[in-house]
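The following pair of complexes shares a single chain, chain A, combined with chain B in the former and chain C in the latter.
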Partner chain A sequence: MRRDGSSFETWLLLGPALLVLAAITLYPLVRTLWTSFTDAQLGGGPASFVGLDNYLFALKDPGFRAALLRTLYFTLLSVGLEALIGVGTALLLQERFPGRTFVRVLVILPWAVPNIVNALMWRLILNPEFGSFNALLLQTGIIGQYRSWLGDPAIALSMVAIVDAWKNFPLVAFIVLAALQSVPTDLYEAARLDGAGPMARFLNVTLPHILPSLLVILALRAIEAFRVFDIVYVMTRGGPADATKTVSFLVYQQYFSFLDAGTGAAYAVVIALLSSILILAHLRAMRREGSH
Partner chain B sequence: MTSRRALRFAILYFFAFLLFLFTVAPVAWLVIMSVSPASDLVTVPLRWWPSSLDLTRYASVLLEDGLFLAALRNSVIAAGLGTLLAMAVAIPAAYAFARRRAPIAILFLILGTFMIPPIVYVLPLYETLGGVGLLDTRTGLVIVYTAFLLPYAVWLAKSAIDALPVATEEAAMLDGAGTLTILVRIILPTARPALMATALLSFLTAWDEFFYALILTGSTKAKTLPVAIADFASGRVTDYGMVSTVGVLAAILPIVLALLFQRSLIAGLSAGSVKG
Partner chain C sequence: MREVKTSLRCGLGAFLLTSLVGLAPARAADLTLNAIFMQQAAYSEDDVRSMTRDFEAGHPGVKVALEFVPYEALHDKIVTAAAAGNGYDVALFDVVWTAEFAQRHFLKDETAAIPAADTAAVFDGAWSTVTYDGKRYGMPWILDTKYLFYNKDLLRQAGFDHPPATWSELASQAKAIKAKGLVQYPIVWSWSQAEAAICDYTTLVAAYGGDFLKAGKPDFQNGGGLEALEYMKGSLKDGITNPNSREYLEEDVRKVFSNGDAAFALNWTYMYAMANDPKESKVVGKVGVAPAPGVAGKSSVSAVNGSMGLGVAGSSAHDKEAFAYIAYLTSKAVQDKYAKLSLPIWKASYDDPAVAKGQEELIAAAKVALPVMFPRPMIPSYQRLSTTLQSAIQSALFTDTTPKDALEDAAAQAARIR
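After this line comes the complex of A and B, so read on.
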């Protein structure tokens, strides 16, 4: 039965989904590609073909390169923190202690807070004059005077990445927690008998078991972090001094502030190609995970 | 031995407490800000507990401010209808991938295109919707959300159907039941919990969506909650408590849903993102 049924019927079942996706994703994809070879202006007249000019411009444009590096930094910091906090949380929630269920339930909270609410919540907390973060650090004596967390180009991007990690670490924690259930307990016993300490047990027993799932979810998170836009839009609008202008934000401005569709589309195609590397890695890992 | 146990508990509770503070404190502070008198929020040193309970902001947002309610309605419609349509299209497709000879490569292609950043799709969508008069309409947004939710919904629904035993379907088939009958009479009821989780995840994703809504809508006719909140927060509001109130109100629904359906959401998330 599994591999049964007429192939006409199969395509009938798939038809609506393929139709919707062809119209709303495939067509825009092809059209963005086409626009990238033209000098089109948003709302402007007919565009003419300019070959690779937009790409040559994009490759030489220091603004685009800087935005790419910022996006890469943001992605690495956010996903790195999520891995650290997520695995730590999973290991803690794996232990048995009274009240564990309560903590487990609450860990979903950051994940459930909508992106935009998360951004404005932290913008208020990090407010330079009246924010609670400054108040907390000053009243506990960690800092001597209030400082501007989002107004300082040296740290603004890191702060935004930390805020992103706060919202997304629960996802990593839950995936790792699920993977931890599959670690055979007798392996721990054997390791303990061999005299392995907690750190050695983690590295030699736990980590190899959770690594495949961990890599899949981190790849997924990296794909998401690479397209960051929402929290930048609400927290910093790309500032201060472009310090948080990531690639999505740059293209957004190219399109809707400078109305330069051609160059914007060329940037977008480069972004699509770069994220395709991550996407292919993720899908391959996902397939491998699924095969056993 | 007992002292070692005590030490273990002390360490566990220390970290559990840290985790508790880390996850709950920012949200708790948002709630506190929303009910503090405006003057409390601009004092240095900061007052951590409100001097009096101020609920007037909730009253004004919910009862007087038409903007918030309009955005709430747009969000419910865009996310709700988008989810329904995506599920209606996704379930037959998922069945084709799980039980028929539909090439799995197509599924991976669908998932791959879905993961490409929205900035790559947005300009043609903006121009096309503008061309057919659907810019700044809920209909336009529902169409885009249907496509946006579809790949993940197909993927999750496929793993839900994969998990079902084929025996019932085989028996029904021998009795002469067609594919539509099998879908409606067998797949829908037996896979219901997993399909509900799929729908819930889709709904939460659409509820959270900001980028498309920002660009494809502009007025209260179609603007969703995230866009309305972002507008509001970047406007000339001097009362931080007001911004917090709007934030709390927009977060309540997803938080309640996540807490109520935690178990099935997490099962869906791990099936969707890790298992192939």
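After this line comes the complex of A and C, so read on.
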């Protein structure tokens, strides 16, 4: 078959998919970029070009910088917890024990709960007056009296990150579990013969095998966590005292509460640029796993 | 293969059927109005559904599709739909959005559609809810302010036979109730980082004779505006305000009060009926209601204008039917019939024994509070101002930041609002 003939065919076959991509990804992207250089208002008159004004405003806005730091903290805590709990769970589920299949199904459940439902459920659990979390901690003697979890600016963001981790750790656990199953068992036997203890076996045999998959999934989770919006919107709406105002929440507020599309778009572009760093890390991790 | 054929045949059948339906002559019954309401406070979802059914029965050919969202999502739903150009026909809107919606043509000017005779028959505070720049952008519907609710039993046990007339008397009664160990935290508010906090704050600003803006410039950091926030912070420090108030919305306030865990609560009209409902409350028959207190030498009572209106959305193609629906919902007959969760906009209703029956105390409080409702600023950029103030109030209530520093910081930010 001649090469140029197949090339025409390739484009013909790719065409519909490319068109759809252009319509749902490229167009909004270009439109947002354009909006970020204007003073556009939702429902307002025609927008005019204002150059870098919105970006200068965003960079000078202490609220935006504070929100960026909060978002970074949220991402690190949530993804860190997912890595720890996820790997731990995967190691447990890899062991043989009666009812293992049942437990594996059980573990996936949090991940299957829709985000909004998860957030609403945890808001009830963490309620300061009648939440079951307080009841559990009081009855086990860990706390002396009921306390507020989402109403305390010092810990509200951490609580939201923990709830996010609870929902997403199963994904990490299952990716790692799949990687664990591909580790040749004779490597463990060899390690045992060499006198390696459990910790040494984990560090020298298990970890190198699961690391590529783990990095891929953690990078993916970091990208998602960085854009966090829905769980914050439902659980705390940015409060108390701005403690959970993440960058995506700020974009939402500029756009839909203040109707200031220009500034909102500029914030969104900055966030997209920052996420692209994470996306690059993800792609590098993917390539490493591919070559592995 | 047979399966494929069968499904093909089914598909074809369905296709023919839909085309036939499409060809049927369009009947008048096809007109559907899309209306958006809120889920909490004021009229219940059941009330709105039953009013709407009655309207449809009287207007053959018009159907109303109802959507209910939480108050916290209402503004954003309306503006998103309006900006997309395929929005609702009828929208419930808050008094603080009127300026913004009018300026952006999210609502239609209905001044000409409203009968002149209505002007004198409806409270002025109700009209101001829907008025911007001298034009009326719909009909007022929910005439509401925050009342002081008190638990008569707890007050009596502490030796008080009347509700407090001033905010400082409220604080001293609360301290006595706390000292007697009747409840841990006598007062509960809705100070969550939301509009609800601004409504409580506004009530106090009104009591202390403060201002939000003076000649277009922020003024809440001075005088009454500052004293209002100092009162809030002071009541937390004294241990008389439930510290969880800082994460509560109105429904949380209702639950705490209905559970008998608070002696005082600031809330909208709807709590009176619900706190007296045995299915919802443990304090049935003990609920007292009065206008929010005043401040000696400055005010005798205080009230915030928390009213809401119904308007025709700017993008609606069915103005006439949409306004007919609004006129029906806001009519005196309908409002008198459903006067348990929200009080009518019509002055004459308040002297009607049928409306007052079973809620005489509430009506008496309303007659005093409604005429003195204090407005939040009616400016197009209200959302920005409110968000800035919410942050300032919360930072003063949660941290060591003094009310003065928090409000001055907010004023500096608000001065930049276009």
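Worth a mention:
Following the convention adopted for this analysis, the second predicted complex is superposed on the first by the 283 of 292 C-alpha atoms of A that agree within 3 Å, B and C clash if a C-alpha of one lies under 4 Å from a C-alpha of the other, contacts with A are read in each partner's own complex, and residues count from 1 in each chain.
Keep in mind that, in the parts below, a contact is a pair of C-beta atoms (placed from the backbone, for glycine too) under 8 Å apart; a residue touches a chain by one contact, two chains touch by 3 or more.
On a predicted model such as this, the values are computed, not experimentally measured, just so you know.
In the superposition on chain A, contact is made by A:151 with chain C only, not with chain B. Contact with chain B, but none with chain C, is seen for A:213 once the two complexes are overlaid on the shared chain. Of the two partner chains placed around the shared chain by superposition, chain C is the only one that A:238 touches, whereas chain B remains out of contact.
In the superposition on chain A, A:256 makes contact with both chain B and chain C.
Judged by the number of chain A residues each one touches, B leads among chain B and chain C. Once the two complexes are laid over each other on the shared chain, residue contacts for A:271 go to chain B alone; chain C is not touched. By the touch criterion defined above, A:42 lies against chain B and chain C together after alignment on the C-alpha atoms of chain A. With both structures placed on the common chain, the touch criterion links A:97 to chain B but leaves chain C unconnected.
In the superposed model, A:80 makes contact with neither chain B nor chain C.
In the overlay built on the shared chain, the residue A:229 is in contact with chain B alone; chain C does not reach it. Under the contact criterion defined above, the residues of chain A that touch both chain B in one complex and chain C in the other are 42, 129, 237, 256. Those residues of chain B lying in contact with chain A across their complex are 9, 12-13, 15-16, 19-20, 22-24, 26-27, 29-30, 33, 41-46, 48, 88-90, 92-93, 95-96, 99-102, 106, 108, 110-125, 128, 143-144, 146-148, 150-151, 154, 166, 169-170, 173, 179, 204, 207-208, 210-211, 214-215, 225-226, 229-230, 233-234, 240, 243-244, 247-248, 250-251, 254-255, 257-259, 262, 265-266, 269-270, 273-276. Across the complex, chain A is touched by residues 72, 75-76, 79-80, 82-83, 100, 104-106, 192-194, 243-244, 246-247, 255-256, 261, 381, 383-384, 387, 390-391, 394-395, 397-399 of chain C. For chain A in complex with chain B, the touching residues are 1-5, 7, 9-11, 13-14, 16-18, 20-21, 23-29, 31-32, 35, 42, 88-89, 92, 95, 97, 99-100, 103, 105-117, 120-125, 127, 129-130, 132, 135, 138-139, 146, 166, 170-171, 174-175, 178-179, 213, 216-217, 220, 223, 226-227, 229-230, 233-234, 237, 247-248, 251-252, 255-256, 261, 264-265, 268-269, 271-272, 275-276, 279-280, 282-283, 286-291.
If you check the complex, the residues on chain A that touch chain C are 41-44, 128-129, 148, 150-151, 153, 236-242, 253, 256-259.
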